[in-house]
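Structure provided below as structure tokens; questions to follow.
We just call them A, B, C and D in the order they show up, numbering each chain from 1.
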Amino acid sequence: MKLPSKQTSIKEAIAHIKDGDTVMLGGFGVPGTPFVLIHALVKHGARNLTIVKNDANEPDMGVDHLLKSGQVARLVTTHLGLNGHAIKLMNAGEIEVEFNAQGILAERIRAGGAGLGGVLSDIGIGTELAEGKKEIEFGGKTQIIEPALRADVALLHAAQADSFGNLAYVGTAQNFNPLMAMAADRVVAEVESLLPLGELAANDIHTPGVFVDHVTELGELSEEYAVVQR
Amino acid sequence: MIARAAREVQPGMVVNLGIGLPTKVVNHLPADFPVCLHTENGLAGIGPTLSPEQADRNLIDAGGAYVSTIPGSAFFDSATSFSLVRSGRLDLTMLGAFEVAANGDLANWKIPGKFSPGMGGGIELAQKARRVIVLTTHTDRAGNPKLKDACTLPITARGCVRRIFTDLAVIDIGADGFHLVETAEGVGLAEIKEATGAPLIVPATKLPSF
Amino acid sequence: MIARAAREVQPGMVVNLGIGLPTKVVNHLPADFPVCLHTENGLAGIGPTLSPEQADRNLIDAGGAYVSTIPGSAFFDSATSFSLVRSGRLDLTMLGAFEVAANGDLANWKIPGKFSPGMGGGIELAQKARRVIVLTTHTDRAGNPKLKDACTLPITARGCVRRIFTDLAVIDIGADGFHLVETAEGVGLAEIKEATGAPLIVPATKLPSF
Amino acid sequence: MKLPSKQTSIKEAIAHIKDGDTVMLGGFGVPGTPFVLIHALVKHGARNLTIVKNDANEPDMGVDHLLKSGQVARLVTTHLGLNGHAIKLMNAGEIEVEFNAQGILAERIRAGGAGLGGVLSDIGIGTELAEGKKEIEFGGKTQIIEPALRADVALLHAAQADSFGNLAYVGTAQNFNPLMAMAADRVVAEVESLLPLGELAANDIHTPGVFVDHVTELGELSEEYAVVQR
């Protein structure tokens, strides 16, 4: 047996994205955000997208390019504090925004990736966060049912990969990437370096290649990946 | 039968081979065949089985056999391992059976009063793999049919089985029950019908044999 | 106030310092102080903050500041990060506040019509840390009390706050409301009462100052 | 800041275990089973225990020592196939056995570790497995509510650790260990080598030390850890 290769061009990897799709994007701030794949999605042009991402990056960075191109109908997120443009669009009613508690968004995505229907949580009970959510009594406590979340496509960024799609992240670039890798029908990873099969140690792989459909190596990293000068 | 079952494995698939007959399928896959074998105790990319002398004490499959890795193998925990199974990333599983019903119900984990070691990962494999194939002897040790109108033993998963490989035949499960699709070399139709505990739909055309 | 708050951190604790005033507490912890600082974007064992010139592009805290690691730091994903918070492994969190109620309710994530960037990880920190401490100015920019009988803004978590550090005082929350426990150097009781929007229980004994 | 040490003697680490406690044990077969900690628990003598472990090892190995000493009242597990002695005790009514589908046991433990009340799953619907479980309609499907599982103590085995309790596993010894590490009030890890703080790479740690209370280094490994000769 040998493991099949999933090396693909970016164009090919995202060709199947359609209008109305749900697209998960890895990243928390800059680390782990797939900036090149986001640019490719802008060029691709699919509209009416639901974007699932922890944050909306900053103006003129990452997700903001999709907001500016008008491709985003809905944003499922946790915090837009660093992107005033996103808040403006939300307040103007030009995008619909669904806020989730950060760890609950993580669990909902993970549940989708784990083939579960949802999770029970007491986070936000008795607050605005619980409004409109289904609550049940279970184990002697009131619990909110938080539904699993899946996407048509997940776009990820990893530091290293092999041709089977095994991924390794560095630093705080891990964040939502390993969770989204499990939770989409098609998973595309842009990677800083693509290593020969077998050079990623089997014990140190964060996302097993089994979950990944396409892997594509980046050239020199653009300014968007660099340290932000504030 | 094992060799024939091995031909079900398509290039690029992620496959879990259950304990018993299915595990032997691996010996019939070419060395350069592009496939990822999964074992539920936390490995994707199983390599050849090893003897105790060659074995790594930390490297077993779900049946307890010592296995090896291949370039690109990955280890993970049990939650990730079954996330893969339940979320639809497992293209194919081959399982053993006590009984298979004409509607695809599978019973393979418990014989009340006789055999109840627990279900392990079998329920999730049977219920969630994209394609479930059964490898089994056509009848049990007493000669009773394992293919039946309905299962009498506790069910592992309902309506999950698509194809059955036995020592006598290859049988598909359609909306209307068991369909004979191939016969073992030298085995006649009457013998297969005799050994099957439910109606068998036989095409008018000549059947291939394996 | 920041220096005083830093003394709340006990040896061996796992601590999450919220964005704003709380983050500054780290500058008041001795270099060899045994503590594990957590940031919800996936790091336990935060080291000193770095300038953009020294920064690693892949190493930020939840507020976007560039941080460093120390020997024994570990990175993990967002699900693991909040598992730590929700399962009771976070001993202490220090958070900012818009309003704190006499029953410990905290409001710090939304001002309807004015400020609604989303709650990020704040709700889970407030609801699940074993001890929640608030660091805030005693009044808002317009001079209105932040400590109130009841919150008027959307709640982050109910009854979660145990202690409040302000520029004027240290105040505990008991079953019967706000208890004054320390005063800032040179600040009188009248001034504190005036700036507090709910009854303040003051002990008969002389209060320490910080 | 420096990270506190959690290096403890085994005796001290397990001293708090009481009669009636729930004890999680890592391991799937031999790999990842904390054999030395299990022997210490036999010596410690706490009775009426609920043991949570994937399997019951084999006769005269691991969990079987606790079964022989009569310390186990209840076993929460997935498969006892390799331990005829455990099956005999179960059939004789001397221990109560609760079988879980393997991945569901993993999710229940993980949910406990993630501070959730439980997860929604469709595994086993329409079979004996679903009997006695609470089902609900959610998202247009019937789902079983699988309750989160926590323990008083988790006993783990890792290949490497540092003094803060960061753990790294090798091969298939990972299995339930990282999940149980999150799901117990007190977590004890026996490790094959204890490295100086900072020598485990921050990107390659499987269980962050934040979850671990006690770490103890093993001497030479006993026969129980070796390749099984069948």
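As a working rule, contacts are C-beta pairs under 8 Å (C-beta built on N, C-alpha and C of every residue); 3 or more make two chains touch, one makes a residue touch a chain.
These figures come from a predicted structure and were not determined experimentally.
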| item | value |
| --- | --- |
| Between A-C and A-B, the pair joined by more C-beta contacts | A-C |
| Maximum centroid distance from chain B, chain identifier (CA atoms) | C |
| Averaged-CA centre spacing for the pair chain D and chain C, given as whole angstrom | 35 |
| Distance from chain C to chain B - Cα centre to Cα centre, in angstrom | 56 |
| Computed distance of Cα centres, chain C from chain A, in Å | 29 |
| Chain A: positions in contact with at least two other chains | 107, 114-116, 121-122, 169-171, 202-203 |
| Touching two or more other chains - residues of chain B | 75-76, 79, 82-83, 85-86, 128 |
| Every chain pair in contact, whichever chains are involved | A-B, A-C, A-D, B-D, C-D |
| Contact footprint of chain D on chain A as seen in their complex | 107, 111, 114-122, 134, 136, 138-139, 141, 143, 145, 147-148, 168-171, 202-204 |
| Contacting residues of chain A [partner chain C, same complex] | 28-32, 54, 77-82, 87, 97, 99, 101-107, 109-110, 121-124, 126-129, 159, 169-179, 206, 225-230 |
| Residue ranges of chain A touching chain B (in the complex, touch as defined) | 1-5, 112-116, 162-164, 166, 182-183, 196-198, 200, 202-203, 205, 208-211 |
| Sites on chain B touched by chain A in the complex | 11-12, 14, 26, 29, 31-38, 44-47, 69-76, 79-80, 82-89, 128 |
| Chain D contact footprint on chain B (complex, rising order) | 39-43, 52, 55-62, 64, 66, 75-79, 81-83, 85-86, 110, 116-121, 123-124, 127-128, 154-158 |
